[in-house]
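In what follows, a structure is listed as structure tokens, so that the remarks can point back to it.
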């Protein structure tokens, strides 16, 4: 575990995020906690937990209480903002300049119409919801030791209304 | 099958794609084939098959032969271009204006930094490859009948070189 | 009826739309039909009917049949494309340059956060769907003779999933 | 009421808004007031009230007095700016990155020309004013319990002058 | 008259305008008519007349008849489109690259807030309409022979509704 | 006069303007002066006066002296910057998001080529200067009580040099 | 002369230029004429001559006559458009992607404020006109054989009007 | 000299420039020095001197010493940064919004391809360097008293390598 | 050789390139030649040869002759354009959407300032020329069989002139 | 060495970088160290070392220890952030405005498709990785004393997966 590196909040990103992001990341760093550990503690998915830290997801009262307890951040300092309604979508620029995030963007750019065609033929005229939606990240190791990252996106299918 | 609706190529998209896209889509429409049926025939994934039609993936000689046979498009009309090297990424504008594709873009916009944080803590400093990569689309039905779309993205983990 | 002016398809817009748009508009012009009349005939809302003409909505087999009959456009010339899956969102540039459409854009620009705040407090953390959605346009005349346009937007409320 | 969540002002949005926005939101949070409650108190629509808080609408002297009294914010701290002339349109980026606001933008993008065609045929050559304009948000529950959000936009019809 | 130079339609602009623009300009060129002469004939302002040619204004039945007669363009070739509803705002790029048009843009850029402040103090919270609007161009010669161009913009004042 | 509302400087605009803008606006607010009153005092046009406050015009030594005296702002605090050379054009974004300023932009967008055509035929190949230029705002009331805003733009005509 | 290479019109640029550009360039190529030779013949500067070919400058009747004679292009094919009023500024994209043109853009980008400061102190508050303007290109060879290109820009100084 | 106006540093530009820009401009203002005077003192061209102040050029040790002496700014406060390597190109936005700088941009926009054609025919395939480059500003007065500004751009001609 | 795949010209790219690009690529495809083979034949580097085909480099008379002979394209069909002066930089959009080209762009984005710092300390204040420049591509295979691509960029160092 | 100039951190760039960038650059300046010297000390490449300073590369524990020792910056002030995961790609704007960085961008713009064609024919369908990647800068002096800069880019070749 001593080898474990932690995601930190770049000071130049912080200005685009709510104030509590910095408090949470600072506490996470000083406690030496991974998102996996925090997710376990609050009973949410790892990606959702990171999204909470970046101000991209809404916290329940219980989330706030548990985060406050685990991280030693006073509840009243974060409750109103974290339980308010997130102003999503502003963590980084689009197109992304971060190589890791760009690769996801590139997948949408290259396969967007292929997904649309397959979705339409499989489900009809509609969309996969990004709201009634969940996602997770997994690690897979091939027999030859190659490491693969796997992202699952799962959203409710919403057909276009006819009117 | 009479109820089956087919993905078609919008005439206004065609000008951004290689010439064979139109030929393939026209043949697909007149034969009344879904991407699922075509994918079965050529032994590739459904998304990869649609990507071939949109000029976003490279065809093998065997792919060309099987598509030619199934769709009745002369092999020599499509082989050179389809077996050449695709000029990827130009099928649609970014940010996407198509609602279905926009939802995927929105997922990257909202969860980009959360993915990065989780990936980094799980795998280290690197990226999930979008090249050494595969993807698939599945349909899931909940016990209450709700329909869910599931996309899986699976890419090789590439650590940044130290130099 | 001789005073009635009809919406026509600007030749410079046509290149961004599917081929059938031009056929439908031409027939509409030569028959001298309003969208209200066509909507009555096919049993859909006026806005949905116009959206069909602009390639922004999907037609049912019955829609195609009725349009074909009313407008004298051969069914086989339009069925595959109109019953395919529309490539939505490309009719005009954004920000809009057309004054009428710009006013709608301006409403989103000015009142976007106000809508969000009111929606959130009334419904919780989520969005109003633009997919499971309908809209209509009405004309109201005040006692003093002033004419008002009224647009109603009605969408399913979709709460963000917790994960 | 204990379950009621309140819209708060994201610290990263505040820099784009007039200074009084922060004061009003802070007071609203500490008093635990919804926009519905504040709108009742000042006798204005809920959306207009939220727009006032975001610096997108002009306050009357009476509005200022009532807000000051309800929220405990000294009148002289806010009167000059709130009764001045709002610098509208700068609360968020366009295209919107917030999913809720994006859905409204998407409606304009997809149905813009359909609205134009229907408006023109119903009213002639002109626009629906976004100035001589009001709007409201309503909640509707279907017999099966589905919740719908309804936005009404109502603006004066302005015909283009002939000159 | 032999010295008179005429505004012509640049072939590279034509693709952004409705088809009748080219017909009208071609006829204007071959008849050797200025916009001033045409405006006289149809009884409209010179700027409005030029706007008609560029597809930025709507023609009345009488306008079409008079233009047809003066220019020798068959009425049926232009009536439907010219009496339809113009798709305004697409004649040129913004920011303008044409030096003459850029100067007008620059005036808005430099004096925009000054106009707003003066308008607001003179008229209250509202806008000068660009719809219920007319404009004209005049030539003035100073005693020393210097030539000045004068544009007058006159629009209805529209106060923001209170709601 | 007690009803008079004053243009104020939005705190979020101030960061784009020179420091003296804030000082001048603050003094204007506390003295309760309109731009009309200030323009009278310094003997300049109302629009030019507002432009001075927004850092879009250069002040003479006499302007500085009179403003200093009227507003009670020490001359030495503002003289160097106001008599320096303005960095014009940065008060607001383009395209404008403020509805009032957008309407002016829209006029350029819609009538730009019409102005060019009329100017060219009236004056030849050249431009209307935006430098050797003046402008004013007037209020007109129609017999029926309708209020109109009128902007006059007057610039020297500059023919393109032949070389 | 056999070594002389001639500027030609790239087929992909031609679509942004007036039709006569292609005719003139084609004739120039087949006659094997440089711009220097053509400029001599018509008695205009070399840069102005090239600008005529690119549709960026207006031709006099005499220019048209001489070009027609020299290049063997029928006068009536080019006179109306070339003597009309050029739609300037659209030959290439900005920022330029052509390396040679980019270097000029870079000079403006890097030295823009330096020029402004020097101009202002030397001439006062105003601009160097780009309309009442001429320019030329010269070749200079240093004693050591190094070749230098020299561009001279000369424009009338226009002071801002005081109003 | 009492009439002499000095270029000052707009406070809103300062944030885009290195810190020493503000120090140098402040000293220049309080000493009442023009760029011409400073250029004489340090033995560099006026434009280069202004470029130094805007952080667009590199200072030699001697430049720093002389500027320090003339302006009374301590050498150690500016030496490291001014003798470091400038981060050029960020003083203002492109396209420029300042009218004076825009005119230079417009010259590139209008005459860019004409310059390229003339350069290519005169010098071959290459560019005029913007690095191995100098520039100067001069004032010319015509016999009739008209004032002209003249900019000279002189750069080494660099032929494209053949490889 | 039967396994060799050839780079082809995507029909959707062709419209941005000079006409000869299509002729050359078509001939290359029908002759089944790689760029390596063509480069050998004409005695130029492989990258330069491909650049010739994409209209990004200038051909010598000998290049044209050899290409004509090898590919069977008549010399007179390509000589004037290929020996003219290329309009560089327009083959694809920037930022690139093609994954391979994006990776090169990303290297500039991520390491740009690092290159600058290292260059400056090694060479002084200046740039690496992209004109007096050559580049090549090599393939390297590691002992473990991993394949590496190596690009070498070599440009003349150009110091900024002091003036 | 007394002549050695050092790369410094422009104060206007610092706000886009992590806080430790400023600390490291300040220490580097006061110690008078080049990147070459620092690279020697920490045993990494010069470009990688500069990239560390700009927050574009991840530090190992040993890197931090050695930098801390060499530069006299307390380890605890920089360890968490430098060993966290860099938020790459934000050091400067794209397209670059800095001339040195622009030249690299221009190489991608001009030769992008040529590289793609050569890579594809040499390696197949894939990309050169920018992650599993290293780069270096070298100085070469020709026999005639001309100085050349050489950049080597070396990345793993990644073939597109077939699925």
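A, B, C, D, E, F, G, H, I and J label the chains in the order they appear, each numbered from 1.
By definition in this document, a residue touches a chain if its C-beta (ideal position, glycine included) is under 8 Å from a C-beta of that chain, and two chains touch if they have at least 3 such contacts.
Which chain is which protein? Per UniProt: A, B, C, D, E, F, G, H, I, J = Cyanate hydratase.
Predicted, not measured: the structure shown is a model, and the values here were computed from it.
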Set of chains whose contacts include both chain C (Cyanate hydratase) and chain B (Cyanate hydratase): A, D
From the options A-I, D-E or B-C, the pair that copies D-F, where over half of the contact pairs coincide: B-C
Result of counting contacting C-beta pairs for D-E and H-J, higher pair: D-E
Centroid spacing, where centroids are CA-atom means, of chain A (Cyanate hydratase) and chain F (Cyanate hydratase) in whole angstrom: 47
Chain F (Cyanate hydratase)-chain G (Cyanate hydratase) separation of Cα centroids, rounded to whole Å: 35
CA centroid of chain B (Cyanate hydratase) to CA centroid of chain D (Cyanate hydratase), Å: 41
Separation of chain A (Cyanate hydratase) from chain E (Cyanate hydratase), taking each centre as the mean of its C-alpha atoms, in whole Å: 51
Multi-chain contact sites of chain J (Cyanate hydratase), meaning residues that touch two or more partners: 5-7, 13, 47-48, 85-86, 88-89, 94-99, 102, 106, 109-110, 116-117, 120, 125-127, 129-131, 133, 135
All touching chain pairs, where touch follows the definition stated at the start: A-B, A-C, A-D, A-I, A-J, B-C, B-D, B-I, B-J, C-D, C-E, C-F, D-E, D-F, E-F, E-G, E-H, F-G, F-H, G-H, G-I, G-J, H-I, H-J, I-J
Touching residues on chain J (Cyanate hydratase), where the partner in the complex is chain A (Cyanate hydratase): 15-19, 55, 80-81, 83-90, 94, 130-131
Touch list for chain E (Cyanate hydratase) against partner chain D (Cyanate hydratase), complex: 44-45, 47-48, 57-58, 60, 85-86, 116-117, 120, 125-127, 129, 131-136, 158-163
In the complex, chain H (Cyanate hydratase) residues that touch chain F (Cyanate hydratase): 5-8, 10-13, 29, 93, 96-99, 102
Parts of chain B (Cyanate hydratase) lying in touch with chain D (Cyanate hydratase), wherever the complex brings them together: 95, 97, 99, 102, 106, 109-110
Residue ranges of chain B (Cyanate hydratase) in contact with chain A (Cyanate hydratase) within the complex: 4-7, 13, 34-36, 46-48, 50-51, 53-54, 56, 88-89, 91-92, 94-96, 98-101, 103-130, 133, 135, 137, 139-140, 146-157
